[in-house]
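The structure under discussion appears below in the form of structure tokens.
Letters A, B, C and D name the chains as they come in the text, with residue numbers starting at 1 for each one.
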Amino acid sequence: MTLLSLTDVSVRYGRLTAVRGVSFSVAENEILFVTGPNGAGKSSLMRAIAGVTHCAAGKITLDGRDITAEKPENIARMGFSMVPEGREVFGSLTVEENLMVGTGMHGGAKRGRIADELASVYDTFPILKERRNGQAGLLSGGQQQMLVIGRALMTQPRLIAIDEPSLGLAPNITDQVYERLIALRAERGLTLLIVEQSSTRAVMVGGRMLLMRGGQIVLDGDARALGNSEAIQAAYFGYEDH
Amino acid sequence: MSYKVRLLATALASVGMALPALADDETITVGFATAQSGAMQAYDKPADEAAMIRIEEINAAGGLLGKQIQVVTADTKSDRAEGAKAGLSVLDQGADLVIVSCDYDFGAPAALAAQDAGIVSFFSCAESVKAGIQGVGPLSFSGSVLAPVQGAAMAEWAFKEKDAKTFYKLLDTWTVYNKGICDGFDWMMPKLEEQGAKLVGEDTFKNEDASIAAQITRIKALPEEPDAIMLCTMMPGGVSAVKQLRAAGINSMILNGSGMDGSYWLSAVPDLSNFYIPVQASIYGDDPNPDVKKFNEAYKAKTGADPSSQYVYPGYVAVDVWSKAVERAGTTEAEAVVAELEKMKDEPTLFGPRTFTSELHHQANARYLVVNVDKGKPGVVGEWTLSEPVPMEAILK
Amino acid sequence: MTAASPTMSAQAVPPSAVAEHKPARFALARKTIMTPILLSLLLVAIAVLTYLTGSRPFNQTVIDVFVRVTLVVGLYIFIGNSGVLSFGHIAFTCLGGYAAAWLTINPIMKASALPGLPQFILDLRLPYWQSAVIAAIFAGVAALILGKVLMRLSGIAASIATFAVLAMINTIYANWDSVTGGTSSVVGIPIIRTIWPYLIGAIIAIFLAWAHAISRSGLALRAARDEPTAAAASGVDIPRERLVAFVVSGAVMGLGGALTAHSVGVVTPDTFYLGLTFITLSMLVVGGMGSLSGAVIGVVLLSALIQILRWMEAGISIAETTIALPKGVQEIALGVIMIVILALRPSGLLGNREVTLFQRKRNR
Amino acid sequence: MLQILFDALSLGSLYALGALGIALIFGVMRLVNFAHGDVIAFSVFALLWPSTDALAIVFAGQLPWYLLIPFVLIVGALLSVLCEIVVYRRFRHASPATMMIASFALGFVIRYFLLMLFTSRPKSISLLPALGQPVEIFGARLPLLQLITIVATICILLALTLFLRRTRFGLEMRAAAENFSMARMLGVRANNVIMGAFAISGALAGAIALIFGSQTGTLDIQMGASVMLMAFIATVIGGLGSLPGAVLAGFLLGAASVVMQVFLPIDARPFRDAFVYGAVILVLLFSPQGLISARGTKERV
């Protein structure tokens, strides 16, 4: 069943077009990697889905509902949790406060579940538990990355979109993050939308993969099948003409 | 083409004219270039109303030089640039006398426009010497009394009548009016010190200061409370200062300029006592002159409210002395009218005598009634005229 | 919110153009000269129309408009080109206004009213146009000295620092009685009631703004406003270019101050304080902060609006009945209309565009 | 000496409360709210019945204090929220300069509205007259009001701190103040947070109005302006968007003002504000980000 679907989405900044006419859809419980070189428009695309960047054209639906012009908070409340690039932690808040910001949307009723979720995030990232009362702004880059991912998980999303999860993380931590995400996918039917610059991780984890270049999707297929094929090399570095 | 443009332009401009009245020979025109809106409106309007009362009286008595007085107005919007426009506007409508804003700063642009055009102007109640020859020019007058007279009169009265020996000076640097009161006090003080009085301290504050706690602390640091505090200030900061002085437990007598007259603010300082204000006439119904009471009634009949402060009266005086001068000169020509005005010496008016000279178009001395506020109730307690007029040096300081 | 959008201005030039040599700039001058010419023609047309009406109050109103044009163009030179909002420019207007007063008041009056002035100024009595030039230079020099210190700051810190300068100068001028007459009005300044000097002043301001905008410094400053990183990388010394704009605009504000003084005949410190600051800033922002045309048209339109509202307040006679707005509605209506304009056009009426004769094709 | 300390604290309290009101709104929407001063004036003018007479006609001002105080606070909060709904909501994506001018225009509208209803003549009112009595404390005779001002400010600051630290709404507000779009991506409702900020800011304006009104006994249409200016400066030198910074800077400005009044020679005292503003410039030159810079607050002016 289709959870997220984009039709001819374009994003512009002034006269600069970052995303031009992108269409794809994500099925429930799918893992979808969006890869591509710097400036391919991946982050703009993510921000457009999250509702923080305005779509110049096209239509986005989530769970069958049109969210093209929806407010970011409402999109989040529909179960779409976004981890933007650049580790946007709330620097003056403590680590635990950061984790709690997004739990408001569930109301006060599920206090127990929030505690469980917190425990499970601390389980995945013990360092966060250690520094739970420290200022988030004082964490190292890698720790902040853990924090933003943990924070997104705290909202108990149906679809989590992560912009470059491996950026700044040590390889073994990256592995842990992915393990946890995959486990959640199995446990709760979480859908994963992951942006990575290189296709390595996609090939390792498996799932579907899109490749963007110049604001457009140039390849769409099974990550492992595309693998290290010539096609991906060509697409990545733009040898072919289009 | 030029005809059409001219037509259009004239049409455009004439929209602005309320009544394109040209000075004809059948009427005499008085122009009011005062604030009908904005910050000064509350001060200009009462004086305007009083002036109107005098004009109506004159018209009822057959007019001036046998002609009826017609009134034209223009709003200065309490803005100086607009003031100049308002002045020009009433001049264009043929004003023979321009009444300008109560405050020197706001009235000067319109008065300057009148001066330029060779027309006499009266400030309805400005109390700065510049509202006259020394500022605007030789065709400009004021209906009120100079601020230094107020400060000097209060100091002398307190010393002579109330036996005050130690004085403290608290100056609000906001306006020239405030500084003027203290200038008069400064001129009087050495004379009183020769007779045994003493200035025990002085300080300044700003009208907009949220708190004058620091200034109060300085007064409280004195070995003993001064007999009298000369408070050179005005609304709205003045009320705040008085309230804070009393709240801090300072009970000295407080001497003020006329700017603090009026009972409308007394609710801010419940049970205020020992608080003295010089006024040209009393709005409290206890003026020794019964004609003042009649005027107050006429004012109430016209506006629906009692006069709010003594600043109503100078507007009446302005029209009064001007019309007398016109009557004597037999013309509204500025030169002749000014010459007649300058001959006035202790010319009686409803609100005290007036003197104008070729040096000063303002009052360097005046008969003041002293109002005391006792337990929140204001009332006249005395009358004072300075032993000698405030000299030019002190006025021009 | 969004990334700095590329300017739409006819004068907008990519940072790379900064390094280009002279001939290119002559070409630029040729291409953009229509803007100041058209704006000046607009003002000339207004002046001629006013002259033909022969109404003195209306004449004074238009004089006021031209003074405001001078001031707002002065603001534009710094704010529009640097993108830094300044709350302090009216300080230079104050300096200019008082300088004009010092230089033109009758020496006899000066000696009694402002005895603290140096002797050579006390003895001096210049014609108004000379005093206006000196006032502008005086304000420019003051801007140079203050700018040296302040231009290191940017963003809102700079805005507040400029405001602090305004407040300081206001406090000093309001209390230095022997030199400025304190809070009292300084009178005796010759009043110029013909419209032409003000027209010339405004046109000078417009051409100065244009010349600065196409100068190397102006181009560099605008490049830095739009692409700070790129401009810094290509060697633009931002504080220096800002300082240049600050001085030029300070001088124009000084000129505006002198014109203000001669238009009303009095100066007081509180004329040159928050009220004037906000009304001029509003006119600039409503017109379009990044555009010279916006500065001029913003003033003309808002002034026209104010005038119309005032006429309505005074009462308009239509077929026997006089319709008048209650007093005070004018200001409220003005505020509401400004909010509506800004809500509909957040970057002002003209945004970054300039008025030109032809819609020129963009170079690719 | 003790007296000077109290003087400084009570003046600083006013500035601190003002700065807090401005910093809160700046934090959530990068708006320098120039209408704040007019909200201050409005909330206390609401105690009077509109009239152009010189004598104030007291309307709600006769309420007992336990009703009067909430009344003023609520009027402030309501007006502030109304401003946000009617005006500021349309400026969410506008540049700070545009918002600033819009807020100025709005303040202009409020001010002239009051002027039309009440005229420019200051209105006098005996607000909480019991506070006008002097009290003896540590050998110094202080106006009770001064003491109450300080205590009330401390209470407000504590309550606000608790609110921001201990409640969900406070958490969301702090998060939103720091990174508005990220907070929205976590489901924080933008309109609620912004309206909350406006409500608190408006209530703070009401508190200032009450203190100011009972201190001066006069209600003036311009009364908010000078506090607002100082508060605005305090917000900037405190570090824009930093609430503790705003409070600290507010107290510092109050202290600087009082100390200069005390120690400057009489001839220099009228120039007091010039020295204060000079000090502001120095602070900005040495630390352009303010005394306590809020991490992650990106400047957009």
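Everything that follows uses one rule, which is that a contact is a pair of C-beta atoms (placed from the backbone, for glycine too) under 8 Å apart; a residue touches a chain by one contact, two chains touch by 3 or more.
Every value quoted in this text rests on a predicted model; they were computed, and no experiment measured them.
Using the mean of the Cα atoms as each chain's centre, the chain most removed from chain A is B.
If each chain is reduced to the average of its C-alpha atoms, the one that sits nearest the average of all protein C-alpha atoms is D.
When the C-beta pairs in contact are tallied for A-D and for C-D, the bigger tally goes to C-D.
The centroid of the Cα atoms in chain A and the matching centroid in chain D are 41 Å apart. Averaging C-alpha coordinates per chain places the centre of chain A 50 Å away from that of chain C.
Centre-to-centre, using mean CA coordinates, chain A is 74 Å away from chain B. Inter-chain centre distance (chain C to chain D, centres taken as mean C-alpha positions): 31 Å.
Of all residues in chain A, none touches 2 or more other chains. Among the residues of chain B, those in touch with two or more other chains are 37-38, 41, 173. Multi-chain contact residues, meaning those touching two or more other chains, occur in chain C at positions 174-175, 327-328.
On the chain D side of its complex with chain A, the touching residues are 168, 171-172, 174-175, 178-179, 181-190, 294-296.
Within the complex formed with chain B, the chain D residues making contact are 3-4, 6-7, 10-11, 14, 53-56, 58, 115, 119-126, 129, 131-134, 141-146, 212, 215-218, 220, 222-223, 225-227, 258, 261-262, 266, 269-270, 272-273.
The touching residues of chain C, when paired with chain D in their complex, are 1, 85, 149-150, 152-157, 159-161, 163-165, 167-168, 171-172, 174-175, 274, 278, 281-282, 285-286, 289, 326-329, 331-332, 334-336, 338-339, 342-343, 346-348. Residues 2, 5-6, 8-10, 12-18, 36-38, 41, 74-75, 77, 80-81, 83-86, 88-89, 91-92, 104-105, 108-109, 112-113, 116, 128, 130, 134-136, 173-176, 179, 396 of chain B are the ones touching chain C in the complex. Those residues of chain B that touch chain D in the shared complex are 37-43, 78, 173, 202-206, 208-211, 213-215, 217-218, 220, 235-237, 239-240, 243-244, 246-249, 262-270, 305, 308-309.
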